[in-house]
Every structure is written in C-alpha cells, then in structure tokens.
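Chains: A, B, C and D, in written order; residue numbering restarts at 1 for each.
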C-alpha cells in the first residue's frame, strides 16, 4: 500500500511546497508511489490519517505549536522541509527585537490589540521531534525527491556534514572571496549543489551552519579580505540567528 | 598504462549471492550464511573481507567469519552489527534473499606459513571475534599444524557474546584454552570481569614461540600490545586486524589510509612490526 | 612524426575542423577565470589561459559518475563505462603530469576500468604555458614543460614569432594532423625556439619558490610529523576540502547509491571526496581516525610529499598552485609549509 | 417548518497560497454575517529588515512570498536603487523584465492549471485530473516548466532569485541560455492555445456575477507594463507617480478585519490580471488579443471570476513579449557588466506588477546603506477589501442555493483572486466565531 502523505505549512512563504509542484513531470512519478491525503495549497481533501507528515514553516504562535503537536501525534514520520522549518528561517530575524517592538513597527498604534500577539520564532524541532530534515530556502526538489525515495525504500536519508565549498568546487565556480564578498559557504552545510555561488551570488547560509563550523577561524580570516567579524556575523544571522538570545 | 580489456573484470561489479541461513546472535548482531550462485567460488583466506552490496542502500566491508575449506568455497559466513543503512538492510534479509558481493579483499592472517608450528594466542574484543573465528576454525581444522592454542575473548556484557554455542564447544575441547571476560557481569556470569588485558599475565606464554592474533575496538590495541610486550613478545610475532572507514576495498578511494598504508591492501591484517612506527595505526 | 608550424589563423581553422568531426573539450573563459568545457566555437578556445579552476582530471575522474546500474529485485548489476572518444585541447604540462600520476593509481593492482575507459577514449593535446598563473610553481616541481614526460598525444607550443609548433607524439595525435598536411614542417630553428620557450617556462613557473628538490620532500616530512606548523595552521582550517577538490593529483572518492522512482532499479555513483573533510575517516560507532583538523591538515601534506611517493614513486603535487588560490583561509600553500619545515628542521 | 439555517465556516480555504477563512451565517434568508478572514501567522518583515544592509534586503524580502519572489526582489531592487540613486542599464532592465515574465507565466499557469482548473472540472485537486485529463495536465506542466525555465536562466532559480542584485545581475545568461529559452517559449505558444481552448470550453462553469469595481494597475502607454509605469485607476484618468503610492493605498486597520485594508476612490479596489487587462488591454500583443477575443473577455469586464481568463490572456502576452525581448537581447549581444553600488542615505520606492497585482516596496536607508525603516504593500492586501465586498454582493444572489453550492461559489470567488496570503506582512490575527 502506498504511504499516506500529508503536507502542512506554518509561518513561511510556501516556496518549499512550490518546489514540490515545480517537480513538473516528476511530480507524476511522486504521485505514483505516495498517496497524498492532505495538501492545502494544492488539494481540497483533508485527512487526519497519514503515515508521513511533511511540514513547512516556522512556529510563531502558541496555537500553531498546538497544531504542530497534533500533527506529530498522528504522523509516523515527520519531515521538516525548508529553512523556516529547520532553522526558523528569515522569520527568526525578528527574535533580535523585543516582540512588543516588532508589533509596533508593523501595526503602529494598533499593536496593542491582544490578537496581534506573536512569540519568538521557533523551528519545528524546537517544538516536536523531527525525523528528517530537508534544508534550504527554498528546498531543492531534487533533494526532497531523493529523501522520499530513500525513505520509501527503507533507507535513512542523510544530509551532508561537509561545507558547501565542496559542491561549489565540484561545480567549478569562481570563489566569491575572489571578489571581496563574504560567502558563508565554508561554514554552511552542503546539499544544494552550491546553488547561489553557482549563480554568482554568495552563500547566505540557508541550509544551516555545520555542527563543527569553524566560525572563530572565519572571524579571523575576514581581516585578510579587508572585512570585519561584525560584517560576517551580520551575514550569519540572516538565516542562523542563534536559538536562544546570546547563545 | 594499457587500455582496458573487454574481458577484464570491473572491480566495482558485485556478484550475486543468496542467503541460506540467518540467526540473531545479540540485540545488534546477526549471523548470516550466504552462498554464491552455482559455478562461482570465492577463494578466501582467514582475515579477508568482502564488500557487501545492498543495492539502493550502498555497500560496506564485512569480514568473512567462516573458515575456508581446502578448495574454493561457494558458501561464506558473516556477522553484521546493525549501525547504519546497509547493515540495517542486511538485518532485514530472509533466507532466499539476495545480495551483491565483491572480493575477497585484503591481506589475510598468515595461517599457512608464518603461523604454522607455533603457539597461537587469539585476542578478540567484541566484534573482533568475527574475523578471528575464521582463523581459529581454520587452525582447529588443521590442529596438528600448530602448537598451543589460546583464545582470549572480551565482551561488554554476557548478552553481547557472539557464537555462544560454538564457544561452548571450544570450551569443551582439550586442545584449546578459552578465557573470557566481560566489562559488566550479570549474576549468572561465572568467568572474569574486567578488561581483556588482565587475562594476559595469567597465561603461561612462551613468548619466543607464540604468535598473537588480535582484533577488537580501536581503544583495545594499545593496552593489549603493551601487555604483550611486557610478556616479552616481539612485534614480529604479533598480527593485528584493523578497521578503518572503507569504500572501494581495492586501494583507490583513499578512505582507509593509515598514514601511507591502505588498510584494504596492506591490511586489514598487519604485522605489528610493520606498523609499530606508523603513527595513525594504533 | 611530422612536426608542423602553423600561424594563429590556421590554428583556428584546424580547431574548427576538429570541432566539426569530434567531441572536443577545450579551455574557455568562465567569468574572469578559465575552465575546460565543451568547445563549440574555435574562437572560444583560450590557449593563453593561466590555469583552469578545475584540472582536466574531471574528464577521467569526474566529480560524479555512474559506475553501475542495478536492479535490486533481480539482484543484477551492470557496469557503466564511458568510452565516447573525445579530444582535450589545451592541457598544461603540469596537468598532464598529474594525469600520468592518476594513470598509475588507477592501473596498478586492481585496475579501474571506469577510469581506464575514459582515459583510453581521450586524445590529449597539451599546450605549453603562455601565461603564468599568480601561484604556479610547476617549475619547482619539474613539471613546467613536457620534457621527460609522456602520456599526451600532441604538444602545441606558441613560439616567440607568433606561430605554433604542432608536435604529434602518438598515433592518436598524428590522426589529428590531417587538415595540417600542407603546413610547413618545423625546422631546427623552430625546435630551438621551442627550447627557449621551455627554458623560459622552467624559470617563470616559479611564482612560489620551493627551497629544495621535490625528491627531498619524503625525507623532510619523515622528520616533521610533530612539527607545530600543523596545529598552528589548522586553526584557520574550515575542513572545506577545497584544497583537495581542485587538486589535479587528488583522487579520493565516495560511493553512493540512488534509487529510481520504481524503488527497484537505481545506480551506484562515484563522487569526489577529500581527506580534509571531517567525516572522511569516521567509522560506525562514532570513532573518527582523524578527528582533529590538525590531523587532517597534516595528512594532506604527507600524502602530497611522502605517502604517494612511497606507494607510486610520485610526489603528488605538480605545482599548479590551485590549492593556494582555492583556500579561502589562505593556509593551503604547500610551498610555504614545506619551506617552513625545511627552515625549522 | 424549521427555519432554514446556513452556517458556512471554511477554515483554511484550500488551493490558495496561505491561510484564509470564509464565514457566512444566515437565518431564513437573512444574511447575518459574511466575512473573509485571514488567520495567517504574521511574519513582521518590516521589522525584520531593520538594520539590514541594502545588499541583503532582496534576499530577505523575496521570502515574503515563494510564488512571487522575483516580483518582491524586483520591487525591492527598484526601491533600493531609487534610494541609492542608481541607474541600471538598458540590458539589466530587459533581463529583469524577462525574468519577471517568467514569474507571471509560472504563477498564472500554476493558478489556472493546478488550482482553479479543478473547480471548473468539478474535482478537488489537480491529482485526479492527472488521470481524467492527462493531456491537459501535461500541457499545463509544460507551460509551467517554461515559466520556471525563464526564471532559472535569468534569476538563477525558480524561487527566491539570486542573480537579481542592486545595480544589475550577479550573473548574466549566456546567448546559448537565451537561445534555449527561445526554443522552449516557441513551443509554449501552441500549448497556451491548447490551454485557452480548454478554458474557453469551460466558460459555462464561470458564474455570471458582476459588480461594478474600481480597477487599479500600473500604466505606461503604449505598453502593457509590469515593471514600469504610474498608478492608474479605472475610476479616474489620474496617473499617480509610484513615489506617491501611499496616497493610493490608504492602508487602514479595521477593528472587524483580519488585515490592513486599502481603499482609494471607493470602499475597495481590485488589482491583478483583470485590473491590468481592463486598464491596459489595448496594448496587448496580437496573439494575446486574439486569445481574449476567443475567450470572450472584453475590457470593462467586472466579473471577478473571469480573472482566470485574464491570466490566460496575460500568459500568452508575456510569452510573445519574452520572445521579442530575447531577440532584442540576442541581437544586441549580452555585455558583461559588474554592478557597482555605493551606499548612501535616502528613501526610495519601487513598484512592479506581481501576478496578483501591483506591489509597492519602500525603504529608508542610512549613510551606510542599512535599512532604517521599510514598508511593503502587497497586492493581496489591496484585494482583501474587494474580496469582502464581492462576497457581500454575491451571497444574497445565491443564498437560496444548497449550502455546499454556496460554499463552492464563495471558495471559487476567493480563489479567482489567486490570493497570496502568505505574503501577509500586514495581516492581523483574529479570534474566530
């Protein structure tokens, strides 16, 4: 029997779900091996009975955390897709400000209204257990496809634990540092085929920092390029704002 | 360099084998007996390993645990610890299921030459029994060619012991001394408790005439070697089987290098004298 | 074999003729750098390049290649070989030296048919260096020219008078000479002129100066295992493997399986790996045989200067200088490290 | 006889981008409540970009919306360049417009083919259509892929562009890229004809609902603009410069509402494909014009359901225009350019037409080029009040129908707007009944 798959989203741009639709013809192959039972962006069907939950987006409100917990209860396997789900995404930038200030900036005088409450952005695995992560902003459909095929075959898909530079070099890109830019490739988990440097742009770290990212080295190395550790940190926080303030 | 010949084997091409028999040994380790397809024989020596393919999951090196018979063998035995994708997939196999096999690869224990006529001391830590079992049974099949045979065995707990029936049979033999120890005992345990090195001084070794064969977890070697040296054994007479990360098994992929040595070609069985000065070895 | 002299425009016509009949890869501009790529226009060929981002090894040992196809229900495996003939235009002598090293690695003992098939399919046209790259030191490593080296099929040299000396050195190379039948043969003067280019290149391809003979490296390293340089420099190492991946002599790889959507058939892939990457020597159970950055950092230099010498009789650095520019932390310069070891021996 | 009671409570309408709810309560034909609500979690982009460098802003704000990320990047880049006093080259403008056409094509084909088509064919999603109408689905996929391909070749990827940077392009397409695109787009035109015919055949499935509406879009005669222009309205002939967009959108927070709403000359206005068609239809390309005719779509149309038809017409238009642009680019040759942008203090505004309507970004930068404040006004926000007005006008006309039918027609109406709710930089959070 085909596994029942449900796709859910929380605070995000839904760009990762879009990558699933962007699989184009391959989407038909995906649909030949799974049974999608809920996918609000693309289907009107609903179900509470599923094997695999694919979750996109970050958690910014208590009621969303509750909904996520309910999803976790029902799913045998939970896959977090995209930077919002795995890291908190750009949404986490707001954690640098007090929440009251964030609301004020956007809503002005209306900010005091109780239904505008928001909480610091959290990634999915800060609320529930995540079985697999597909990193990236947006995810790479090829990677999701590989993860799903591996899972369906009973294999545990792994994310690379080496820096992006590996894939960047394999792609034979000129290095962004040669142009005086700050690229987070040496600190960032590979897996996207160095999508951004391959298009002439620096890596901004959307796949998350490596477990052993040598940030101290990077801070020292900045000087060699006439840049500062502060500039480096400004780049890092775009997608890798620490989980706890000051962490 | 010469052009590839069309009939030349592809060193990455596995050959199919069928699972004949499998049995759980511990919570994490399983025994397997496979047979190559009719007409295909593996001629392997104790200490060698195979690259086992579970297509879709990958490939990994696994020591041959059975003893070779006189001619070639269609059958071979493995013991696999479940740690990742390939090994988990192997644990899911049922008799009749098929796998892919490359090999045998690697340098064996010199059971046919350097070891004959000598007392043999086997020191096995945990999964280290798996390749050494091949050598032990090889020796037991030709018992007269060797002197005293002593087997030291260490396991984490009694429940982690492999091949318990076979160990019992060895225990009953009077031409083999088997001493066992565990790190943590349970109430039923009647043998030693503690690290395997503690068993060595109790042996009445004839250091000149003894040849030691060792396999175990990375941390075990240093202590065992120190103890053997203390007993007066020469590095020339000690053989170690070492594990490393390994992908190709044929000296190309670079993963298994110990400094400049390839574990898959110069090893996995090394004479201690050859690697005593190799810094990454022990 | 006939050596010919041609001018730049006949070279263009000749390349165009090659493109018309063969699959040709040649050096071309990539942004403001250079790279080997499929050549569709003779004008795109840049024989004046200083160095390519990746070495031409990518045509023999690609970043990713399919080794096998399998069917897991039938448990069948089928080798995939790539034997489509191709011409490689513009390989520099140091890169040719590196290809010859790979030839040894992949043909000794267990012969690697996948590599050998690609290698056999290639016709390699080496071109003497016209522009020295900022970091090159092939002159120190003995690989500035093709003198005393082999493995290639043809050598092109731009002489000072603006003409090219075309020198086929194998049957494959000679087979490319057809369109040049009417070109004048190279005379003694031309061969002398080539000698001058070689002499000059030997001197000029020394942007970094190695203060010893390459053959002294194994001995030097043997006494330097505990030198402080490894710890000091590795502090800035990202473990990014860039120095491995751009190196023409590095060949380490990983094997990985991928399934098709039928979840039954799939392929086994070979992908470049690198000894500087953290997990390179990690095994099940979490043990890592080179867990520290310094362990991995030292290993790379030992492989370059000692281990490969012991296994294949080769120093695994040809002096292309790629690792120097690829390292964003600026710590991967072999010459700096080796010279320091020499000074502090 | 029990009184007829209708309670419709669609929590999270499906096949739209983001979360929206529809609520209707009626007793004995008396409509007590008709509400369009948006429970999307707010994301506070205006707060998030504060303090960020102008170099990182397009990276952040493209994440406002996955489906119109090129549009958001372009609006941001135009605003930033306005603030920094940067003039971009003609080549950059052409390439940007081409990338932007890719997004229009991708978004419109996604909306018509994947999200709206199931309504017209009485299905719950595109998935059963793959079995029942395989040829149509494959045609839609091919069109969608063409749109994506433009973005990939021009912007570097399908979603969240990386090549679009202040001052120009981080990497330029090659002539070979453009030729490949041309090839693909030439094959797309006949596919669009197939789609248009299929949609024309389903014209009966569009409800005949009309409501006199103010339409707002960028205008720049004699073109059908997405990237250039001033703000125009169907109510007046006035053209408002983009810099004065705040005079048009008049954002306000209503106590009963879930979002900041907007209004100009009336209670509400509509932006998007239909608005553009009504204001600029004269300047469509010939095939697009012919397609409009074949679909029976005429300027002055005020049936919001027919927004889908306008999307089909626009799809044809952008492909025709893309082919022209590619020819212009190829004959001029791609010149290498390295964007150089220096920071300075300033305020800038940028507007572009998103697939769903006109989008405004505004930034204030300090001397280092770091963002002091930001404001983004997105099309779906501008449409919310109009959706509410449409629903209020629609429900009395259909209140005697079956509950499910009422629900279906309301959902379909909302869906016709192609709302992009996750763009909700402004949305409020509400308690539900």
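Criterion: a contact is a pair of C-beta atoms (placed from the backbone, for glycine too) under 8 Å apart; a residue touches a chain by one contact, two chains touch by 3 or more.
No experiment lies behind these values; they were computed from the predicted model shown.
Colleague: If you tally the C-beta contacts for A-C and for A-B, which one comes out higher?
Modeller: Counting C-beta pairs in contact, A-C comes out ahead.
Colleague: Give, as an integer number of Å, the spacing between the C-alpha centres of chain D and chain C.
Modeller: The mean C-alpha positions of chain C and chain D differ by 50 Å.
Colleague: Provide the C-alpha centroid distance between chain A and chain C, rounded to the nearest whole angstrom.
Modeller: That pair's centroid distance is 37 Å.
Colleague: Roughly how far is chain A from chain B, centre to centre by C-alpha average, rounded to an integer in Å?
Modeller: For chain A versus chain B, the centre distance works out to 44 Å.
Colleague: Quick one: report the Å distance separating chain A from chain D, using the average Cα coordinate of each chain.
Modeller: One centre to the other, that is 25 Å.
Colleague: Where in chain A do residues touch two or more other chains at once?
Modeller: Residue numbers touching two or more other chains: 153, 200.
Colleague: Would you please write down the residue numbers of chain B that are in contact with two or more other chains?
Modeller: Where chain B meets two or more other chains at a single residue, that happens at 56-57, 84.
Colleague: Could you check chain C for residues that touch two or more other chains and list them?
Modeller: Counting only residues that touch two or more other chains, chain C contributes 31, 259, 263.
Colleague: Any two chains that touch count here, so list every such pair.
Modeller: Chains touch in the following pairs: A-B, A-C, A-D, B-C.
Colleague: Given the complex with chain A, which residues does chain C contribute to the contact?
Modeller: Going through chain C, the ones touching chain A are 30-33, 35, 53-54, 58, 63-64, 235-242, 245-246, 258-261, 263, 272, 274, 277-279, 293, 325-326, 328-330.
Colleague: Considering only the defined contacts, which chain D positions touch chain A in the complex?
Modeller: Counting only chain D, the residues touching chain A are 12, 14-19, 40-44, 46-53, 56, 59-60, 63-67, 69, 110, 114-115, 118, 124-127, 130, 138, 141, 144-145, 148, 156-160, 162-163, 165, 169-171, 253, 373, 422-423, 425-426, 428-431.
Colleague: Quick one: which bits of chain A touch chain B in the complex? Just the residue numbers, please.
Modeller: That would be residues 153-156 of chain A.
Colleague: Using the touch definition from the top, list the residues of chain B that touch chain C in their complex.
Modeller: So the residues of chain B touching chain C come out as 1-4, 8, 10-14, 16, 53-59, 81, 83-84, 87, 98-100, 217-218, 243-245, 247-248, 250-255, 257-260, 262, 265, 279-280.
Colleague: Where on chain A is chain C touching in the complex?
Modeller: Interface residues on the chain A side: 26, 29-30, 32-33, 146, 149-150, 152-153, 161-163, 165-166, 169-175, 177-178, 183, 185-187, 200, 212, 214, 217-218, 220-221, 224.
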